């Protein structure tokens, strides 16, 4: 038993309350408001009817999925300056948007997106730890909804997705391994992992960092086990939202 | 009688359905999701406990209110590139955020914000015409909610606001004067006005432009009359939301 | 009778001394040094023998007129940092150059500029209030001179201009309505309007702003009347300069 | 036995030829040319006699270690455009320099760098896969040499380093797990890990990515084992270079 | 006798018509419109009542003279894009403004500008070759007029200038050595020199470049002789304008 | 006899120890580490199999040679901020890279580089005065090695180079004329020349600047004589390295 208690009486291996609400951005082809506790991220998928220029120039067939991530200025307790005011995208935001893009491409057959680009935009409305994992989890659902819409409109023959993908964090806090850290836990964690896995239980990305500290192989193994548990639960939620959404269209 | 009908059977001098929903961004001091029909704008007010550097350097007493405006990439039917990707804020966005800031300062006594800055962020979630007028109308409410919160916390002695402010568009479309244009009406309008007025019926800003055309003094007068009517209705709504919000805190 | 006197014994509805001197920039197709009292703006029109890329890509026939505005560093009493040093164009400059461009396009039939772009550059040599109205008034003459030159050289069949355009400011200062404010009047004005009208008396743009204050409908009406009077006088001057210039070429 | 052979007859769990040559940049306080086979990276540590501004402003005691990473234009077979020409640092370079900085700080007690900043610059002279792991491995040695110099000059009481740090890659290529991938292996790898560990065998960072694919827990375990083996060998080399360098100064 | 004739029947060692007209920018402390034939440059000196930050921080006594150079968009026959639109100052402009600044500082005792900065802005109104030499020649006069004004106002005890400075070009064109090249001569010159000298006949800068060609020592000597002759004439003109300007103030 | 002695007992007209070491950057087509005493510059030539876009657009036959110059952050005793961090290339770096490019093009027949671009990158590893002259001297050799490689591979019919080119500095220090100034001499020099000459003794560039001072014609003549002597010696070294390198390939 740890000597501390998590907010909302969470156990160490318990996710925060997760909701995936469709329709936040009606002009997008698919959109989800993804909430992991108080962390809320707008995930929107828009479709561009052309492949990126570099694919065309290099003669690569198929299409592309890419992502942009941003924290809205009022998502943090102290207002965060806009990237556009600063004049450049922060290194942290770039890392995260590259991760979101790779995660979605890992479960997609890009050849089945002929001459198309799917843009995934993730804008953090409220930040309380784990924004990148909420973003990936919501982004997959938004992208699937966009794909379903394209198929329903006859613009796409079949889905490029061969599996689902979700993400969760795990970390070492006061010497205990925890699942899905909130902001306070994350800030004081001795190590912090972001784990991205498919619905079928394969790893897509593992990014773990001793926050100016280091960690053992045993700790690493425990964190990966926590991640696997959390992602299995997220996968169930993702599938339910996608199915409900498809049914409501029929 | 015009030879066309407006969507949702609106009459020429009728506002779209207006909603001002508080609480969209809980980390902000005050926030409103402002909807003018299908146009939806997140308006969030955050408070910085210092006056801007230029006021301090020039020894100007009091505080400041400033605004930033942005269209989220998925707010338009074709995805809009982010300003941060383009590397600079668009001229149009700059114009609009300067207008929002001036409008709020016109009804504030900045001396009553000693050593404080209020940031108003307006992010368009869905664009269907009139985003700047929805932004100003929501921004005032968000700013008022932030001020009420500061006063309730004992951080501010009295409200700097001496009047309310709201905005609406009016334009000439197919030779008729219309109130509160949606995207299609705005796109094809021969002239387009944005009118900003106080709750007490004074003008704050009048910006009218013949869209590569020109207009007569009589037309201008009719548009100003439409604006006055719309703003009177918006003022009622603003006051109701502010009162409800204050009551629910007691 | 107001309790103050304007410089040079101007009456409230009197323009400053206006001069429009052609030939300041001989390499341009048309150029004017426009002076409104001590405000002096270089206005130069250059012609690019191709339509802008976006028109070509979207298959829009005709040509384009666009403007750039800048204050030279020594135009103000305290030296003004160059935009190129600051790394970006100021919001205020962008607003003004967009206004100049719209104003000229409002009196032009762009279809009669096949495959051409007219660039209007306005550089402020000395700033004493009303630089944007001097810029618009001079820009129209510079553009007309460029068009006359193109026609004389057989490169353009007929003028794209269907009317003339000029601009003037009007504002409320010490509770009186004034025409054509100089820097000191503008700085302390309670409200400030820029009015753009055609030679035939139609409005093109009306931009009025309570400078952190508000104004009544009656005041607004008086300011529009002043603007109409001033622009009628400016139109006479513009026409005289254009005619003289054409005659001297014969 | 795999169905392919690695260049230079390397076995699957064998490092490339590693050399760490001191003195490449004599004006730096410590410098190393780190070679992992044909990958060669200049690693230079320079010391700034002040803590970064944000530490001073927030009143945080001690000092800081930060890193910058860049690929020289001639490091790749096709010339790589400079970041300064492109006008911004690439997302990939930012990710890598943030990783190098975190890795060094993980083995340092920053309180023992009072009022100092150590800059680690890593410039890739020749790129053949694994530039970030060569950079981290060389960066630690360069930083240690700088610290030894500061101590020898009496400018630092004791070393801030509490452990050593090194990095190596491991990946899945043609269904086999490989240590220390070269460019061709990395380009075609199904999964690619970068592993950063201390000399005492603790993990600092684990970054693994299925390159548009996914991988199992068993594969992940094998890759971590390979990393541990490689880093143990790199640690021996690092210590030897540091000792030789200290001895030669006596 | 050369086989070609220069425009306006100039002999090989003859300057173009030179005029230095004061007062072009009345808000500057000193201003000159410098014309070398059809090359016309606005030169304006403005005074900032503080030394640059780097001098203050390094504790260097005295003041500074610096310059900025720009070609106005309509100065060339094909419109030249603004640096502010391009987002950065061109390499060529930077070279020239650094040269102007060095040239003026070479004849100034900066210790006699206590706590002051003189900004020299040179904006080319019309370019026909030799803009940098016209700029330097005019800049010295503008700076002197600013200094005289400061002295007349009692803000400066004595002039920092210990000599005058002027500049001229010389080049090899169709195998002949020419003084003060116009645009056509410069464009086709085999070698092109810019020579900056003091009124007392000392050299300040010599910049000569074989334009993708090379030149002999004998040719170099002839070009330096031409430069000396031209600068002696320019010095006479500079002194006359300064004296006239001082007299007219008395 | 001067009243000071140069480091390493150099006489006034003696070069520092010069070495030109090939092969520093194996992925480049030709590369040299050029050392003038403690000044060390990486010079690398890479070949792009297309002419620059502006040549193609203007229909100019042949190819192009261009250069980029940068000081590595650890090349100076105080760390130098990267241009990419600063967001723009320094004016000084731009001047130098334009000089390097012009110098190489002056000895090349660009028509003999059909559809090719040679990029010369010069990165300063250690700066002790004269980095631009070391860069030019090394750049020529790197470019020649790249050309020889292209010819050996049958990708180029004949060398575009019609002469060799080298550079050296000369200056006035404590009233004496000196060849090849090191950092301390350069910093305190009253005048500083960079002289670029061909192997056959023609001048390519002469850039001399009184460092906030001026100099006489006699001094100028002496400095040119010193330059000529130094370049003759550098030419011998360049030829030897090129010949050795070609022989070793046979």
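So that you can tell them apart, the chains are marked A, B, C, D, E and F in the order they are listed, and the count of residues begins at 1 in each.
Simple rule for what comes next: a contact is a pair of C-beta atoms (placed from the backbone, for glycine too) under 8 Å apart; a residue touches a chain by one contact, two chains touch by 3 or more.
Predicted model only: the values in this text are computed from it and were never measured.
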**OP:** Find out how few touching-chain steps suffice to connect chain B with chain E.
**Re:** 2
**OP:** Work out which chains are contact partners of both chain A and chain E.
**Re:** none
Subject >> Most remote chain, CA-based centroid, reference being chain E >> reply: A
**OP:** Sort the other chains by how far their Cα centres are from that of chain B and give me the top one.
**Re:** F
Original post:
If you average the CA atoms of chain A and of chain B, how many Å lie between those two points?
Top reply: 33
Subject >> Euclidean distance of C-alpha centroids - chain A vs chain F, Å >> reply: 51
Original post:
What is the distance, in whole Å, between the centres of chain C and chain D, each centre taken as the mean of its C-alpha atoms?
Top reply: 60
Subject >> Sequence positions of chain A contacting 2 or more other chains >> reply: 87-89
Original post:
Taking touching chains as linked, do they make an open path (line), a single closed cycle (ring), a hub with spokes (star), an all-linked set (complete), or other?
Top reply: ring
Subject >> Neighbour-by-neighbour ring order, given that chain A leads and chain B comes next >> reply: A, B, C, E, F, D
Original post:
Touching chain D in the complex: which residues of chain F?
Top reply: 24-28, 31, 38, 42, 44, 46, 48, 68, 70, 72-77, 79, 82-89, 119, 121, 123, 125-127
Subject >> Contact footprint of chain C on chain B as seen in their complex >> reply: 88-89, 91-92, 94-95, 98, 102, 105-107, 110, 163, 193, 197-198, 202-210, 212-217, 220, 224, 228
